[in-house]
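Data block below; observations after.
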Amino acid sequence: MNHSKKGMSRRTLIKTGLAGILATGVSPLILTRGAWAQEFCNNPTGDTVTIGLNLPLSGAYAEEGADEQKAYELAVQHLNGEGDGGLLNVFAPSALKGNGVLGKKMAFVTSDSQTKADVARAGATRMIERDGAIMITGGSSSAEAVAVQGLCQEMGVIFMAGLTHSNDTTGKDKKRYGFRHFFNAYQSGISLGPVLGDEYGADRRAYHLTADYTWGWTQEESIKNATEALGWETVQAVRTPLGAADFSQYLTPVLNSGADVLILNHYGNDMVNSLTQAVQFGMRDRQVNGKQFEIVVPLFSELMAKGAGENIKGIFGTSNWHWNLQDPGTIAFTKSFGAAYGSPPSQAAHTAYVQTLLYADAVERAGTFYPPEVIKALEGFEFDGMGNGRTLYRADDHQCIKSVLVVRGNENPTSQYDVLEVVREVPREEVAYDPTIFGGELGPAEPAPMC
Amino acid sequence: MNTILVTRNDLLLLLGFTIAVLAMPIWLQPFGAAYPDLMQRFAIYGIFAIGFNILFGLTGYLSFGHAAFFGVGSYAAVWSFKLLTMDAIPALVFAVLISGLFALLIGYVSLKRSGIYFSILTLAFAQMSYNLAYSVLTPITNGETGLQLTLADPRHLDQALGISSRSPALLGQPLLGYAGFYFCAGLLIVAFFIAQRITGSPFGMMLRAIKSNQTRMHYTGFNTRPYTLAAFVISGMYAGLAGALLAITDPLAGAERMQWAASGEVVLMTILGGVGTLVGPVIGAWIIKYFENIFSAFNEGILHRTFDFLPDGLEDAVVLVTSKFVGEGWHLTLGLVFVLIVVFLPGGIMEGVRRLVHWARRPAEPGRASPRPQPAE
Amino acid sequence: MFEVILLQFINGLDKGGAYALIALGLTLVFGTLGVVNFAHGALFMLGAFCAVTFQKLITLETVTVDPSQLSPWGTPVEVREPLVQAWLGDFGAVLVNYSVPFSLLLAIPVMLVIGIAMERGLIKYFYKRPHAEQILVTFGLAIVLQEIIKASFGANPIPQPVPTDLRGAADIGVMLGLNPGIITYPIWRLVYFLFSGVVIGAVFAFLRFTTFGMVVRAGMADRETVGLLGINIDRRFTIMFGLAAVVAGMAGVMYTPLLPPNYHLGMDFLVLSFVVVVVGGMGSLPGAVAAGFLLGILQSFASMTQVKALVPGIDQIIIYLVAVIILLVRPRGLLGRRGVMEA
Amino acid sequence: MPDNVVLHVSDVHKNFAGLHALSDIDLQVAEGQTHAIIGPNGAGKSTLLNVIVGRLAPSRGAVVFDGTVLTGRKPYEINQIGIARVFQTPEIFPDLTVLHNVMIPALSRRDGAFRLNMMRTLDSETAIRQEAEDVLADVGLYERRLAHAGALSRGDKRRMELAMCLIQKPRLLLLDEPTAGMSRHDTNTTIELLKKIKSRGMTKVIIEHDMHVVFSLADRISVLAGGRIIAEGMPDEVRGDPRVREAYLGGAH
């Protein structure tokens, strides 16, 4: 933890003074670039700029939230020129200087979102209204992301989404002020499909168990489309209540349905429980239609894989990123994170870190915190070195288009963190899609007159 | 005497309450809570708790499903925004009516039983509402994501009048920031006033009599069911009003606000503040919302700054211990405080205050008999 | 279709056994002490964490840091050597394999102590207070307990292994003379079902055939009279509370392989176990068992696609719907005594 | 048989799981009279009272009050017809003040079984309050009108409960052992009080153990034993009845 230094040395005082004089001298310049210089929400006036972290610190996703928070702290340190610099050294093209953002030190405030859309919105409002947050980021569910990004659009504050996988975030519910680095269910489908085809053949009968809410439905649909394109047949898609704890009553009908693949469209504890129980039903030892019965979990997270323990071994799924990749960006980030916290980062931590850097970089390139300019700088921005290969922040829907990982539960883990192995890095071209298929409208970039 | 007359004590209480609420932006400053969004929540959950107390505090019926009416109010308000107009008044009216109807339905069935069976019935109804809202009723509730405004909403009334407001407003005045707070605060005061009238009315006395001895009520010629049902519907309407206000200050309605944990929260608020009192539940609501929003955001950095004056080793130790109770540990603190309150102060904070006043007065006025405690304000 | 129905029925029995076991302690406490215990779910959760603790204890490792090798995240590689195996050899391996059933040995004394401490420290002051206050104080206690667990074990679920010999599924169909592969069921669930049967049987036998149990049953029927007989019923009730905690804890221990436990486990089962108790009849032990099976079976069948197609969302609300119907039609529950909490 | 009978209990039977608590009860109470029902413990006196006020449904037979059938009606309906009851153990509102305890029945008489009058204040109910204070003065509790009812002594609670019934000006008042557990002094005060109301012409049915009370108040007495009426008549007639003596000597006290 940082201890804030009491008092201010003479030297810094002089420096700040100088900066002030310089700023006054330069201000007419800024004014010529637009008359909006001061007229937007939480325009930072002091020598710090504050971002708001909306994280599930209590509730079922608390560990994910804690991991994200570590990553944000690291990103802020690196941006302010502390620590080993992390991805600042490999990210390209980069306008970041390691002296904060536009010369202002970056600080952060946090809020416990409890993984509830309502609470997340309240927290975001607090951080914007009271703490003067210039940007909101974080979250561990699509409901949170969609709710907070709607709010941010109203308030004219940029939202850099954390972990959200639903198609809606950058589809039906996309917003001009919302940006997502994480991949989505549709991309899971297109990247997972061919691998499943290679591994399990084209003649398969799939049974879906789907969490009965929006994210579950979009994922079910995406995976269905992808597998049916392979020639698979969908035997049945059954909706299960959120937080059902015991899924056995949904698993028993699978046994005699004639299906030979079970697809679990669950996340979090639902996924841990349904997978554990499905394996206990002996599904992976079954032979159906003369084939080995298989289980697929389209969206993986390392923490949930840990929760499922042995049962995850050999199960296919997709991931946004994994610390075991061998590109310079991943190596740098894993080292930096490991040095600070003694464990490798999760994909949630990675996306949190990258989003912070991308925002700061966009501000630097825009030369202002004024959101419409920052949005312009982010839209269509193409970069590399963040661990996902060449990446495009697509202007049409604010979705990052980058490679997606198909992963499998590691059969022979070498450590408690080594739960997943990367099977295939699906290149960006394959997972790009037409942004118009999900509808939705980004809305205006001009900030609302409020706040 | 005139029937609309208020007694002096009631008037003083109402005045004091009004001042305390309207001056929130000032006296909450040192607590770091004087920003509109949190103060709006203080007002909204104050209304919710006042309404809950009309049922639980007066009649003694412990409902574990009041969040359902809160949620229904929110949904109704957002639908009013989507279909009719962004004006707050139709949304409020619509929400209070719908939640009242919903409460009538659930109350009619649940009040066939009393005691813990009543609690379980309300809990069951609320859980059913929540489960369905999250899944099967998604066309109405938009499920997990919550019901939100979109650019494509028809807003027939606004369109007919040629208004194109994008945020909830009161007769053209947008209800954001402080305007939103004062709107909620005004309604909190009105809600408080109505609750005060109810408590002080013959009807209110009947409710307290039901709590005290239902058998005697029957043999005194009262049909208690309509009384309890009326109390249930009124408190359901309060919940609906609060839910609608939450949707007005932030146009989103999520299913989580109907979960039984949310119902439990309003129970905690009422008990913490002082069940059966007028001011207690409001104070309880403020404390819990303060905990949830401010206390939960204390991280180690802030603690280190707070305890900066201590020597290093001690500072670390103090921070280590306190960090278990603040920040993400705020639930632990809440649970502990709650247990202590129920064990030692069943009358909540209000009882604590009363005891303190009693204790402080005694030496000052030795000769006079202490004022007899009143049952409920 | 027949196989599907048979499987759902077996599934219902399995669920029912679990529900009955969880509700048993709750109704025991209500029947003897007249206390509505909202912390019962937390006791179930504490039991589950006894298994976690036991597993952590027996898988303690010596960690040797090898600074010459670095992990990809830059920390020195750690060489881990399991302690228990090193000390106990083969028996250690068996212990690790069967950690869940073995942790019952830890859970029983721990839960007994926790239960007695809870009763002596808090619950006993609430015998004469209204049910509402009992609900509130135990609810608060449940929050405290789960937050303590969260602070010590984290929020993530912690998987517990099924012993290798009991993994996989058993072919019940073959036992019934059907073709193989039609009716298979996880062995551990069958174990749990048997276990719940044994525990339920033991509790009934204890109450029926021991003097202690007879006094307690008399106390359940008429507390005052028993008190007048000069029997120290309070001490027995304390032990009953401890017993209820043990039953809840054992239910929790054995459930861990089915559901990797996290701190929230208790709250997830709390509402459910209350519904079971209410449907069965407050304070009726046979009622709790019957209701557990009834609800288990109903829930199983309500989850069938064919049923869901008829009534959408029925599986989401079936439990509550049954509770509402029972409370309205027969408020004393299936097997409750007339007059107990009837109103 | 007097012709101004208001309460008819005809052919009432009550079984509890095969046990005959009441058999073949016929009872007529004339307007303005005080009718006492006496009998040893377990004779069925309280059961009879409970049947009259609607707490228990008779297995057979009917209770008619002034042409209205009471059987099958709910307790509150029976009260609204004009029948009030004092319980053996006082049923009061312990959490409310004595004054409020007495105002509530007055409001019941004025407003009926349900009225949603929530925008009036209690303090504006001056007439009701005045009436309550008068009745409290009658029973000697005026001084304690602001005390919590739960804090009253047992005797005071009974007197307050009586006041709660009196303020309703019932046409029929049922008293279940109004002096049980009272000191001799309190008993005498209560007798005086009941005599005072007697002069107001209210019909009363009184269940009592205490013969002193019974013979001071009753105009007519029915003797209940084993769930049957074994004797009925004027106090003097009953006093001399050998069956009564037998029932009492074989029974209680």
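By letter and in written order, the chains are A, B, C and D; residue numbering begins at 1 in each of them.
The definition used in the following text is that contacts are C-beta pairs under 8 Å (C-beta built on N, C-alpha and C of every residue); 3 or more make two chains touch, one makes a residue touch a chain.
All figures in this text were calculated on a predicted structure; none of them were measured in a lab.
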Any chain that touches chain B and chain A: C
Chain at the geometric heart of the assembly (C-alpha centres): B
From chain B, the most remote chain by mean C-alpha position: D
Chain centre separation (chain C, chain D; CA means) in Å: 52
Mean-CA-position distance for chain C and chain A (Å): 37
Whole-Å gap between the CA centroids of chain B and chain D: 44
Cα-centroid distance, chain A relative to chain D, in whole angstrom: 75
Multi-chain contact sites of chain A, meaning residues that touch two or more partners: 58, 62, 212, 239, 241
Shared-contact residues (touching 2 or more other chains) in chain C: 316
Multi-chain contact residues (two or more partners), chain B: 131, 135-136, 331
Each pair of chains that touches, named by its two labels: A-B, A-C, B-C, B-D
For the chain A and chain B complex, residues of the former touching the latter: 1-4, 6, 57-58, 62, 109-112, 116-119, 121-123, 125-126, 129-130, 141-143, 146-147, 150-151, 154, 168, 173, 212-215, 239, 241-242, 441, 443, 448, 450-451
Touch list for chain C against partner chain B, complex: 36, 122, 125, 129, 131-133, 135-137, 139-144, 147-148, 151, 267, 271, 274-275, 278, 282, 312-313, 316-317, 320-321, 323-324, 327-328, 331, 341, 343
Parts of chain D lying in touch with chain B, wherever the complex brings them together: 53, 74-76, 79-80, 84-85, 87, 91-97, 100, 103-105, 107-109, 111-126, 146-148, 164, 168
Sites on chain B touched by chain A in the complex: 32, 35-38, 41, 131, 134-136, 138, 142-146, 148-149, 151, 166-167, 174, 176-177, 246, 250, 252, 254, 256-257, 292-293, 296-297, 299-301, 304-305, 308, 327-328, 330-331
Complex contact set, residues of chain A against chain C: 58-63, 212, 236, 238-239, 241, 243, 245-246, 248-250, 252-253, 255-256, 269, 272-273, 276-277, 280-282, 285-287, 303, 306-311, 323-324, 331, 334-335, 337-339, 342-345, 415, 417
